[in-house]
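Shared chain: chain A. Partners: chain B in the first complex, chain C in the second.
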Partner chain A sequence: MAGIAIQRVVKAYGSTPVIHGIDIAVAEGEFAVLVGPSGCGKSTLLRMIAGLESITDGTIAIGDRVVNDLPPRDRDIAMVFQDYALYPHKTVFENMAFGLRMRKSPEDVVKRKVDAAAEILKIGHLLQRRPSQLSGGQRQRVAMGRAIVRDPKVFLFDEPLSNLDAQLRGEMRVEIKRLHQQIKTTIVYVTHDQVEAMTLADRIAVMKGGYLEQLGTPDDVYSRPASRFVAGFIGSPTMNFVDATIGAAGGTIRLKSGVTLAVPTGRHAELAQLAGRSVVFGIRPEHLSFGARGPDVVGVATKASMVEPLGSDTLVTLSLDGAEMTARFPPEAGVRVGDTVELGISMSRFHLFDPESGHALAVRPKL
Partner chain B sequence: MSATPVVRHRLTKLERAEQRLGWALLAPAFLLLVGVVLYPVVELINQSFRFNQLTMPWMGTPFIGFDNYTKALGDPRFWHATLNTLIFIIVTVPGAVIVGLGLALLANKPFTVKWPVRLGLLLPWALPLVFAGLIFRWFFEYNVGLVNAVIKMFGGQPLTWLSDPTLAMIGIFVAIIWKTSSFVALVLLAGLQTIPKSLYEAAEVDGASSWQQFWEITLPMLRPAIVVALIFRTITAIQTFDIPYAMTNGGPGDATETLAMYIHKNTIDFLDIGYGSALAVLMFVVSALVTAVYLRHTQRNPARVAT
Partner chain C sequence: MKMVRRVAFNLFAWSVVGLVAFPLIWMVITSVKPQFELFRIPPTFLPETVTFEHYWTLIYDTPFLKYMRNSLLIAFGTTLVVIVVATLGAHSLVRFRYPGRERLAQLVLFTYLLPSVVLVLPLYLLMVWVGIANSLFSLVVAYTTFALPYALWLLRSFMQGIPDDLEAAALVDGATRMEAFIDVILPQALPGIISTSLFTFILAWNEYLFALVLVNTDEARPLTTGVMNMLISSFNIEWSLLMAASVMMSLPLVIIFAFLSSYLTRGFGAGGVKG
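Let's look at the complex of A and B:
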C-alpha cells in the first residue's frame, strides 16, 4: 500500500493544455474519487497515474517513488477499465492469472491467488467461462478480480460502473465499498456520477476544464462548496441559483425578482463585508420547505409551475416573480401546477457566490 | 431444419402479391447467375466428357466418357503442373500472410502522415496481376534487371534468375508474395482495428511486454481474420496464372508451369477443348473443396469465431 502525491501536474497535447497544474495528495489506504463532467481531465489524470499518458510537467509519486518515467508495469498499480478490457479469448481464470503469469509467478501461487480473489468476489463458479458468457455485472467482478490478484499498491478505477444498468450500478457500488473496507488498498476512482462520488469517497476531487475546483470530504463538497460549479455539480436535483444583492449591514438579501429575504442574525457579520454587492444566491432543493415553519425559515409566496413526483419526494418547480427554484417536498404536500405555495427558505443553509468568478463568498460554518 | 410439420395456410391476397413481387425481384439476379455461372460450369463438365479438338473439326465432338480424365491422371506434365501449383500454395500462402501481417501491423501504427503507408499497402493490390508480373520480369532480368544490378553493386556475380528452374521459382515466389500480401494486409488490418485499445493498456498495466502483448492478445484476437485471409489466399493460389505467365511463361521448359497455365496451354494453344475442360473440372473440384472449408468456417457460431 502507498499514498499518491500529485504535484503541479500539467498535461498538454502539443500546445493545448488539458490539465493545468493539479495538486492532490491521496493518503495511504484512502478512497479518492475524481469527479467532473466529460472533458474535465479526470480520466487523463488517472491515466497519467497509471502511466498510460505521459506527464508534461510536475510529478506523480506512488509511495515515495516518483513514477513519471516508469512504464505502467513497473508502477505496481492495477486498473479497472470502463469497458473492463477483459481478454475475450481467455477464460476468467486466465484473465485473472494474466498479470501474475506475465510476472512469472509460479503456477501454484497463481492458482492460490486467483482462487482467493474469486472467493472475495464470489465468482469461483465462473472461472472456466469466457467473458462473452458473462453478464455485465459478472464481467465487472472479473475485471476487479484481475486487479486484486496482483495485490498492487494502488487501484485505479476508470468509470467502472458506467456500462451497467441503474440497479446493478447500485449493487456494484456497495461491492466496491465493501471491497475497499476489506482490502484497504489506496484507490483512485474516476466517475462523472456525483452519487458514486458521494457514496464511495473518503475524499472527492471535483474537476472542471483541467482545474481542480475543490478537494474535500463528501460533506465538504456538499455543505461547503468552494464554487458555484461544485455547488451545482454535487447534489441532485441541482442547487437553485438566483442573482441577488446583499442589503445594508448584511441583514437582508434582495433577490433579482424583487423578493427580500431576512438573514438570521447569526450570519450578519459574515455578510456585512459583502453589503451592497451583487451575488449569486444558492440554495439546495432539500433546504426549501412546503410552508414556512421553524427557526431561520423565511416564507415567500410562489406559484408551482411544474410537479415531478418521485414517490418518496415530489420535486416542485416554483416561480417567484420571474426567478425559478426547484424544491423537494414530501408527497403529502399534494401540490398541483398553478397552485400558490408558501415556500419556506431555510436561511441557515444558503450559499453565496461571486457572479463573475463563481467562487463561494460566504463559507457556512460546519453544523 | 426442425422436424416440426409445416402448417400450410392459405395465403391472403396481399401475401400472394408480395410473393410474386419477391420472385420478380429475384429473377434478374437468378437469370444472370444461370447465364454466367451455372451454364458455363455445366458446359465445362459436358465438354470434359467429349473429344473436342478444334484442330480436327472433322472428328466432331463425340462423347468419350472418362477418357480425358484417365489421360490427365497418366499425364506427367499434368502432375508436374499440379506439383508446381502445390509448391506455390505452400510457399506463397504463408509467405503472403506473414508479410501481410507485418504490413498490417505497420499500417496500424499511429503515423502522423498516413498516406505513404496506405499507398504502399494499396498499390500492389491495385496493380493488375500481369503488370506486376512484367515489373518483376524486369527486376529479375539478367542484363538490365534491378536485382542483378544490386548484386553487381556489391561485387557479386549476376544470376540467371528467370532461366534457372530453381531461381525462376524463387523469383515468382517473391513476385506473388509482394502482389498478394497487400490484400492479406487489408484483411488483417481490418481485424487489427477491431481489437480494443484498452486490451493493450490492461496488458501493459498487467506487466506484459510488447512481444508478450503480440503473442497473448494480437495473434489470438486476429485468428479469425488470419483464417479468412488464409482461405482466400489459398483459393487464389490454386488459380495462380498471371504472374508466372508474364514472368516466365512456365519456363524454363515447364519448370514453373502451374495447373492454370497448363489448362490455358491445352485449350488456347493446343485447341484441345475436351482435355482442357477435364483439367479445369479437376481444378474446379479442388477450389470447391477449399471454398467449402471456408463456408464451414464462416457458418460457425460467430461468437465462437470471435473468442
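Let's look at the complex of A and C:
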C-alpha cells in the first residue's frame, strides 16, 4: 500500500493545456474520488497516475517514488476501465491471471490468487467463460477481479459503473465500498456521478475545466462548498441560487425578487463585512421546509409551479416574485400546482457566493 | 403462389450460378478429355473417356512443378513481408500520435493512383541497379510495393475497431508494449490479418505483368508467365495442357478459400464500412 502525491501537475496537448497545475495528496489506504463534469480532466489525471498519459509538468509520486518516467507496468497499480477492457479472446480465468503471468508468477500461485479473488467477488462459477458470455455486472466483477489478484499498491477506477443500469450500479457501489473496507488499499476513483462520489469517498476532489475546485471530505464539499460550481454540482436536486444584496450591518439579505430575509444574529458578524454587496444566495432544497417552524427559519409566501413526487419526498418548484426555488417536502404536505405555500428558509444553512468569481463568501460554521 | 415464387427465384439464382461457373466447369471437363475429343464437332459435354494424361505430362515432362514452387515461394514470401510490415504500420498509425500521421497514410495510398505499367520499368531498372533483377526476391519486393498500401489501410480500419483501453489494460497489467501487441492486439486483429493475408496471397499468385517484365529465366518464373510461355506460342496453344495447368493453378486458392472464406467476407465488410 502507498499514498499518492500529485504536485503541480500540468497536462498539455501541444500548446493547449487541459490540466493547469493540480495538487492532490491521497493518503495511504484512502478512497479518493475525482469528480466533475465531462471534459474536466479527471480521467486524464487518472491516466497520468496510471502512466497511460505523459506528464507535461509537475510530479506524481506513488509511495515515496516519483513515477513520472516509469512505464505503467512498473508503477504497481491496477486499473478498472469504464468499458471493462476485458480481453475478449481469453477466459475469465485467463483474464484475471494475465497480470500475474506477465509477472512470471508460478502457476500454483496464479491459481490460488485467482480463486481467492473469484471467491471475494462471487464469480467462481464463471472462470471458464469468455467475456462475451457474461452480463454487464459480471464483466464489471471480472474487471475488478483482474485488478485485485495483483495485490497492487494502488487501485484506479475510471468511471467503472457508468455502463450499468441504475439498480446494478447501486449494488456494485456497495460492493466496491465493501471491497475497500476489506482490502484497505489506496483507491483513486473517477466518476461524473456525485452520488457515487459522496457515498464512496473518504475525500472528494471536485474538478472543473482542468482546475481543482475543492478537495475535502464529502461533508466538506456538501456543507462548505468552496464555490458556486461545487455547490451546484454536489447534491441532488441541485442547490437553489438567487441573486441578492446584503443589507446594512449584515442583518438582512434582500433577494432579487424583493423579499427580505432576516439573518440570525449568530451570522451578523460574518456578513457585516459584505454589507451592501451583490451576492448569489444559495440554499439546498433539503433546507427549505413546508411552513416556517423552528429557530432561524424565515417564512416566505410562494406559489407552487411544479410538483415532482418521488415517493419518499416530493420536489416542489416554487416561485417567489420572479425567482424560483426547488424544495424537498414530505409527501404529506400534499402540495398541488397553483397552491400558495408558506416556504420556510433555514437561515442557518444558506451559502453566499461572489457573482463574478463564484467563490464562496460566507462559510457556514460547522454544525 | 408462394411456392411458385420460391421455385422461380431458385431457378433464377441457379441459372446465374451456372452461368458464372460454366467456364470453370468447362475448364475441368476439358482437362480430362483426350486430345482427339477436344475439337470434335458437335462437341461432347461430358468426356467419353476420362484421362489424366495431361496432368502427368505437365508434372513429369515440363517445368510446371518448378513454376509451382516459385509461385508458392513468391506468394508466401510476399504475404509474410506485407503482413509483418502492414500490421506494425497499421498499429502505429492507429495508436501513436506523431506529426504527419494522416498525411503519411494518404501518401502510402498514392502509389495506387499510378497504373502498374508506369511503375514496372522504373522498378525493373531499380532491381537491376540493386542487383536483384531476375530473382524470386525481386518479385516479392515488387508485389510488396503494391500490396502493402491496401493491406495497410485494410488493417488500419481493423485496428481502429480495437478499443484503446484493451492495450492500456495490458500495459497496466504488466505487459511491455510488444507483449501487449502480441498478446492482446494481434488476437483481436486476427480476422483482419487473415483476410489481408488472403488478399495479398491472391494478388501475388495471380500477378502477370510484373512477372513478365522482371523475370526471364525458368529459375524464377512463376506459374502465370511460366504456363503462358510454355504452352502458348504464336503457332499453337496446347489447350489440354493449358486447362490441366489452370486446374492445378486454381487448386491452392480453392483450398484456401474453402477454409477461410468467412474471414475474407468479414474482412472486406469491415474495411468497407470504416475505410
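Note that in this section the second predicted complex is superposed on the first by the 367 of 367 C-alpha atoms of A that agree within 3 Å, B and C clash if a C-alpha of one lies under 4 Å from a C-alpha of the other, contacts with A are read in each partner's own complex, and residues count from 1 in each chain.
Convention: a contact is a pair of C-beta atoms (placed from the backbone, for glycine too) under 8 Å apart; a residue touches a chain by one contact, two chains touch by 3 or more.
All values derive from a computational prediction rather than experimental measurement.
Asker: Give one word, clash or fit, describing how chain B and chain C relate on chain A after superposing.
Answerer: After superposition on chain A, chain B vs chain C: clash.
Asker: Touch check for A:344: first (chain B), second (chain C), both, or neither?
Answerer: So A:344 meets neither chain B nor chain C here.
Asker: Could you look at A:210 and tell me whether it touches chain B, chain C, both or neither (first, second, both, neither)?
Answerer: The answer is neither, since A:210 touches no partner chain.
Asker: Check the residue A:235 against both partner chains and state whether it touches chain B (first), chain C (second), both, or neither.
Answerer: In the superposition, A:235 contacts neither chain B nor chain C.
Asker: Does any part of chain A touch chain B in one structure and chain C in the other, and if so which residues?
Answerer: 50-52, 71-73, 77-79, 81-83, 85, 87-89, 98-99, 102-103, 146, 150
Asker: Would you mind writing out the residues of chain A in touch with chain C in their complex?
Answerer: Touch residues, chain A against chain C: 47, 50-52, 71-73, 77-79, 81-83, 85-89, 98-99, 102-103, 146, 150, 156.
Asker: Sort out for me which residues of chain B touch chain A in the complex.
Answerer: Where chain B meets chain A, its residues are 196, 198-199, 201-209, 212, 216-217, 220-221, 223, 303, 306-307.
Asker: Hey, which residues of chain A end up touching chain B in the complex?
Answerer: 50-52, 71-73, 77-79, 81-83, 85, 87-89, 98-99, 102-103, 130, 132, 146, 150
Asker: Of all residues in chain C, which touch chain A in the complex?
Answerer: Those residues of chain C that touch chain A are 163, 165-166, 168-176, 179, 183-184, 187-188.
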